[in-house]
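Listed next: structures, encoded as structure tokens.
First chain A sits with chain B, and in the next complex the same chain sits with chain C.
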Partner chain A sequence: MSLIANLLLGGIFHAAVLFLVAAGLQLVFGVQKIVNLACGSFYALGAYFGITLVTLAMNFGLPAWLLLPILLVAGVLMAAVGPPIERLLRTVYDRDESFQLLLTFALVLMFQDVLRLVWGANPQSLNNVHLVYGKLTWGDLSVPVYNLLVIAAAGATAFFISLFLRRTNYGRLLRATAENRAMAEALGVNVRSVYAVVFTLGTMLGTVGGALVVPTSAASLDMAIEFVIEAFAVVVIGGLGSMPGALVGALLVGLIRAASLVVYPEFEILAIYVIVIAVLLFRPSGLLGKAAT
Partner chain B sequence: MRLSRRRVLKSLAATGAAAASPGVFMPALAQTGPLKIGILAPRTGIAASAGISGLAATEWAVEKFNAGGGIAGRKIQLVVEEETSPKDTIERFQKLVQQEKVECVMGIVSTGVGLALGPVVEEARALTIYWDGTTQDGVDEKLLNPKYLFRSTDNECEAVMSSLLAIKHWKGQFKRIAGINPDYSYGRNNMAAFIALLKRFDIEHEVVTEQWPKVGTMELTSHVAALKAANPDLIFSSLLFADLPVFMKQAHAADLTKGTKLVFPAAGWQHTLMKKDFTPEGMIFGHNTLYFDNPQATPMQKEFVAWYAEKQKDYPNWEADRAYFAIASYKEAVEKASKAKSGQWPGVDDVIGAMHGLSVESLGGKGGWRKDNIADQTFVQGFSTHNNKYDFVTLDPAKIETMYSADLQKPPGAKFWDWLKTAQFKI
Partner chain C sequence: MLSVKNLVVDIDGSPILRHISLEVAAGELVCLVGRNGAGKSTTFRTIMGQRRPVSGSITLEGRDLTQLYPFAIARLGVGFAPEESEVFGDLSVADNILLPTWTRQTSRSVDEREALAYRVFPRLERYRTRGGQQLSGGERKMVSIARALALDPKLLLLDEPTEGLSPAIVPSIVEGIASILQLGHAVLIAESNMHHVPDFADRLYVIERGEMVYAGKPNAVPKSLSAPNGPDGE
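Entry: the complex of A and B
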């Protein structure tokens, strides 16, 4: 029993991490129709700055239980890189998708160098400060409460984004812009401002995700690329631009990966991409995405 | 002699070919002025920390050598290029040799890049010394008997040493073994070498799971869960990038490290990230060819470690030693060859000849070059301890083991996997 619980929790934790990266990608694509490869860089930026802020806070003698709010603040602060980058992306909104991909990929490479200049080439890591919240132990099962908090944060993110998009006026405005930009503009919606807000929100999802995950992991120069590839698998499975799709896709990827690691570890990567290919063949719009008309 | 158009063209072609061969013309043209040495090292990406460690050691060595008059009287000038993909690295190598006219190229951390570059080195006839990246598979097939290329010790040395230590100290204390190793030739070979040695010494064992995360995977909770489900007595792991401290942290949080024997031959690549908080005492911990806190350290190692700590705010790993060893042995070889030629600047063949049989005091201990252009170096491993002044684990001074690679790698001409079955190991 504890074996299954261990595997489930491992898979769900991985899914939560993936969802936090993929959510920003989905939001930006859903509204701005830009495949933002740099979402992985925002994740890395949040992770690095999270370590810096936590280290500073601990040096100033703040209690360790403040870890979670400090990391949230780190993620929110780093979202400040969103508006200038959105300003840069305006140059390619009306151009071919390949320009958008090239520009956002260039950003990934540039961010890698910026991270190296600021934090150095060595990976960065915190000590076990996340265990300040304790561990949940039951039989053979032992899981840090912090991991459960990350899972809860991912769930809460999905819930509040959904609430924001469906129940608030600004959310309706975003959905209207996503559906028909020209019509929204004609009706007086300031699309430039909407794009800036959406991109900053997407950036924040990435930076907060990175900051939240780093206490259980580490920050390294190549982490941006590592997660963005898996995040793409998530959005292909769930449906590009669909937030519930991102959640379902992340859960599927996380759980399939966890199961394959026990059943046949050689299939860890293969299992995920077999599903990606199956989705592309039989349901190209993704499990919860809208079919192109 | 009558001059025909064909004869003139032939002469021009021969002159052009000779001019394009750095091995033929370079030493004669470059006897005055600074001695250019090309460096190919990763400064970004997953291996950046290794590249920067190696570069720092090279710069330290150059500073010291130049202060003492350089190499055979010529001051060293470094030309640094990036090691990235095989294709781009080959282009940069060619730039170093053809444009910059360097007399020796050093660097290379990745086995994949090293394999691709090897034939280019031989074709260019440019003396090249690799810091690292000599993994068996591929090397056996693609880099047979090179003349101009000098390669590091076999990458499996550390796995062989850790396996021998596990057998020596823990024989009879484990049966269920598990592995978590990076999914490329290095990780696969190390795990296979461990299992081969268990068989070689008739150690009863059962492989309960083998996990192969791709290199640099930063989220390993599912792997940890799978390992825990397999309930191993011993875990063998050659993780060595940022994934190593991540694994250790997540394994500790899941209580996987409690009561499980751990054999980590390459942990020293990330030693300062292996915090006491989550890295247990008593694990077999490999520092490869440089253990920064070695109680038997030479004054030179102590001086370097102090300089590195001051400059980099960190402690060096083995890539620093590999880089120092490369440039120090080149210096020794050039000076030996120059002496043999009564002070004349030696040709590339003279330097190659002088490399063989050298004995060089490197940062981590003595080293030398075999006739087949493979390095021999000193390896250090031991058992982790929390009893130190740092926030990360070091080696228990009472349990440090030192072995020379002649006892850890296949002899010239032998096949690694066959050699493992018959070698006489000193355990």
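Entry: the complex of A and C
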């Protein structure tokens, strides 16, 4: 019983982080129609910068329980890379998707070198500092409180994104721009400014996701590419451009991954792709995506 | 108010508009009539900044529009209701109509602008909460025009406001246009059918294959242009 509960909690924790990055990817695609491979780099950037900021804070004698807020600040600060990259992407907005994919993949490779230059080639970690929040023990079940906090943070993010898009005037402007950019602009919406805001928000979701995961796993140069593949599995399963789809996709991928690790670890990545292939074959628009017209 | 002079527009290297000129004065209703493909929508989209002209000038109250982005032209006070209505399906009717009040501030309050939009098309009151994709063609036209009106524009561009509508709906649209004029807005309408030109139009331009072939009073259009084979088309 506790094995299943542990498995479920591990899967949901991974899904929570995946959701943050995939939500950024969905937001950018939904509004800007850009498939942003560089979201994996934002995740890695958030992770590395999170380690730096936490280490600095500890050296300055800040209490360890400030870990979570410091990581959130690290993620938010790293979102500053968003606006200049969005400026660069303006050159490919009206071009073929292949240009967008090539440019954002070039960014992934460039960021990998930047990470190597700044933080070195060796993986970095925070040595279980997240256990400062303690563990919740219930019979045989034991889960770090930090993991629960991250799950709650991702849940709150999903709630507030939905509230922002549905209930605020700016959210409605974003939805209108996503649906018909030219008409929104003809009604006075400054689409360039909307794109800059959306891309920065999308970047922030990625960098915060990276910063939050780093206490539980090491940051390495390969994490950008590894994670972008999983994030794309999430959006293919959930449906490109659909925010609820990102949530469902992240949960599926997170749980399948966790289940595979227990049942048959060699099957971990394969299991995800079996689902991706099944979705592409039987429901190409994703579980919650809109069919192309 | 609006002055278009010697406008030349090419699309993919093909000349679409050739030295088009037209004027709309404050409070006027002006109609641009021409067959499908004559260049009416291109004229409107160029005024809105969605197409860049090869040469010529477009000014609103003396201000050059040709170098501005569409959002800046809208914020100067040009409202646009396109031929396909382009109502946002993901937003409710109420949000569609309110949207321009979030992008442009004017001397009229948001409530006043919203109330004016519904006063012109009272039928829309019933559909406030309905999604944009759940409307009929005529209702979409009304929302599209009401939405452009909520911008509180100095000039309204209405591209084929009665095209494709059932004859039962057309009078509501025409009445709406008449009340918009009473509010003091200038209106430029594109029409493919000469018989749909409202009686109260101040001036009329006829466009054929990207060239202006008539400019003057609606009641003085030469028979060759107003005949069934002329720009009224059908």
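Heads up, the rule we're going with is that the second predicted complex is superposed on the first by the 289 of 293 C-alpha atoms of A that agree within 3 Å, B and C clash if a C-alpha of one lies under 4 Å from a C-alpha of the other, contacts with A are read in each partner's own complex, and residues count from 1 in each chain.
Assume a contact is a pair of C-beta atoms (placed from the backbone, for glycine too) under 8 Å apart; a residue touches a chain by one contact, two chains touch by 3 or more.
Everything numeric here is computed off the predicted structure, so don't read it as measured data.
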Query = Putting chain B and chain C on the same copy of chain A, do they fit or clash?
reply = fit
Message = Can you tell me whether chain B or chain C touches more residues on chain A?
response = B
Key: Inter-centroid angle chain B-chain A-chain C after superposition on A [Cα, multiple of 10°]   = 140
Task = Give one of first, second, both or neither to describe whether A:176 is in contact with chain B, with chain C, with both, or with none.
result = second
Task = Could you say whether A:188 touches chain B, chain C, both of them, or neither, answering first, second, both or neither?
result = second
Request  = Give one of first, second, both or neither to describe whether A:158 is in contact with chain B, with chain C, with both, or with none.
outcome  = neither
Inquiry  = For A:265 in the superposed arrangement: first (chain B), second (chain C), both or neither?
reply    = first
Task = Examine A:204 and indicate which partner it touches, taking first as chain B and second as chain C; both and neither are also allowed.
result = neither
Shortest CA-CA distance in Å separating chain B from chain C in the superposed model = 37
Request  = Determine where on chain A the residues touched by chain B overlap those touched by chain C, and list them.
outcome  = none
Inquiry  = Help me check something: in the complex, which residues belonging to chain A touch chain B?
reply    = 3, 6-7, 9-11, 13-14, 17, 112-113, 116, 120-123, 125, 127-128, 130-131, 135, 137, 140, 142-144, 147, 213, 216-223, 226-227, 254, 257-258, 261-262, 265-266, 268-269
Ask   = What residues of chain B sit close enough to touch chain A in their complex?
value = 43-46, 48-49, 51-52, 209-214, 216-219, 221-226, 228-229, 241-242, 245-246, 249-250, 252-255, 270, 272-273, 275, 277-278, 314, 391
Query = Of all residues in chain C, which touch chain A in the complex?
reply = 48, 50, 69-71, 74-75, 80, 82, 86, 88-91, 95, 98-100, 102-104, 147-148, 151
Request  = Name, in rising order, each residue of chain A that touches chain C in their complex.
outcome  = 169-170, 172-173, 175-176, 178-180, 182-192
